[in-house]
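Each of the two complexes below includes chain A, the first together with chain B, the second together with chain C.
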Partner chain A sequence: MKKALLLLGCPESPSQTPMAIYASSKLSQLDYEITIASTPAASKLLEVSDPNGYYVKDKIDIDSCLSTLEEKQYDLLLGFVSKDAAASYFVTFYHILQTESIALIFEKDPDVLEDLTKTVEENTEGKIVSVKAFHNPNPIKVRFDKILAELK
Partner chain B sequence: MKKALLLLGCPESPSQTPMAIYASSKLSQLDYEITIASTPAASKLLEVSDPNGYYVKDKIDIDSCLSTLEEKQYDLLLGFVSKDAAASYFVTFYHILQTESIALIFEKDPDVLEDLTKTVEENTEGKIVSVKAFHNPNPIKVRFDKILAELK
Partner chain C sequence: MSFCLDTYLQQSDDYEILLSRAGFKDCAKIIKEKAEEIVYINAGEKILGVRIIGIPPIPVGINPKKGTVIISYTKPCHGTAAIEIPVEEEDIGAIKEVSIDD
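After this line comes the complex of A and B, so read on.
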């Protein structure tokens, strides 16, 4: 079974937790075993969002995960990037893992979105989904589905 | 079976969708049949947040729901209030339904929180959970659990 690591930084956007659940569900269907590495606030939101644990099976603190991370430990890295800190985490995890990587970059402010996208572009060769979004998760969802279709 | 109506306005807060799923799950355990009335953006977030429909069974557009709403149509009204518009919806639904009602008021700005709480307090006799929260859903969750315990 392939292994995917989802990376969640601080959940400023109302779309982050729902999209993390959606991505977990989609990747499970593609036979990935999923681990979600996240900050404490993002982790609490996941717990509340899936109280019966249907979607989120395996969670780990993002810093603990980083401290033991090894090259090729996961087959896929999917980073949620809506803040500078999350972009830095993605770049760091990308260079340690050296595996197939996707950055899902979403922000409501177009200038911030551009900055975040530039940071990821200049520092990694991962696939990038970059989309102006806040409330409405559909623009992120549609582009995420497209990039997943390319994975297969 | 008792019937509960959950009311979701525009999802500014990252805690809203996760708490709506949590509340649905908790109220189901208390034998409520749940309908979620929401704005289009809130509805899309719910879909993405529960792609397999484990938690959210019955959704309706908030305005369609309002147009056919009748006194005592639901046994419980639970309103998520983190914007002025959501407070107005709660007050309106409260007066039409005339049923047991809870307002879950959460905001990161203490002044806005106070204003929202005042609006609900002055215009309804519903139970109120009012809490400063944004990222971290736990303060809302803990108080919601307490008020649910009082329901039984």
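After this line comes the complex of A and C, so read on.
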């Protein structure tokens, strides 16, 4: 079974939690074993959203994950990028893991979105979903589905 | 015992925050402005007991006369800070050992 790491950022953006659960579901169907690395706050949101652990099987604190991360430990890195810090985390995890990677970049401000996208583009060779979104996760979902089709 | 930055920041007030809740680029800029000497490291390189998060090459400022280093320190919800902390000479040596060309 292939292994995927979902890297969550600050949970301030309302689209992050539903997209994390959606991505877990989709990647499980593609036979990925999923680990979600997040802050304690983002982890709580997942626990409440999926109380029986139907979609979220394995969670790890983001900093604990980083401290023990090794090259090729996962077959896929999926990063949620909606802040500058999340872009820094994604680029860092990408450089350590050296594995297939997808960045889901979403922001309501077009200038911030462009800046985050440029940062990821210039510093990784990962696939990028860059979309203006905040409350409504559907634009991210639609673009994510297209990228997933390329994984198959 | 080796130096651990996370523990140090929790248990000591002997450090200076030069910039906080900022973006990585702004912190990299202030590190370059405030340090006598700059070395660069890869993203995720472990120095002072933690892996440094950022966009490579990541600048680390060294002030040998003050016996301090200036590093970027990132947390998901708080952004990036530039922090100047006192270190031992051997810590500076260890940072230089893992440095890369700009």
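We adopt the following convention: the second predicted complex is superposed on the first by the 152 of 152 C-alpha atoms of A that agree within 3 Å, B and C clash if a C-alpha of one lies under 4 Å from a C-alpha of the other, contacts with A are read in each partner's own complex, and residues count from 1 in each chain.
Following the convention adopted for this analysis, contacts are C-beta pairs under 8 Å (C-beta built on N, C-alpha and C of every residue); 3 or more make two chains touch, one makes a residue touch a chain.
This one's a predicted model, so the numbers in the text were calculated from it and none came from an experiment.
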Partner chain in contact with A:H135 - chain B first, chain C second, else both or neither: first
Partner chain in contact with A:C10 - chain B first, chain C second, else both or neither: both
Partner chain(s) touched by A:D50 [first = chain B, second = chain C, both, neither]: first
Which superposed partner A:A41 touches (first chain B, second chain C, both, neither): both
Partner chain(s) touched by A:T119 [first = chain B, second = chain C, both, neither]: second
Touching partner for A:T92 - first (chain B), second (chain C), both, neither: second
Which of chain B and chain C A:Q73 touches, first, second, both or neither: neither
Which of chain B and chain C A:I21 touches, first, second, both or neither: first
Residues on chain A lying within both footprints (that of chain B and that of chain C): 10, 12, 41
Chain A - residues contacting chain C, complex: 8-10, 12, 39, 41-42, 62-63, 66-67, 69, 83-89, 91-96, 119, 123
Residues of chain C touching chain A in the complex: 6, 23-24, 42-44, 50-56, 74-80
Of all residues in chain B, those that touch chain A in their complex: 10-19, 21-22, 25-26, 41, 44-46, 48-52, 54-55, 135-138, 141
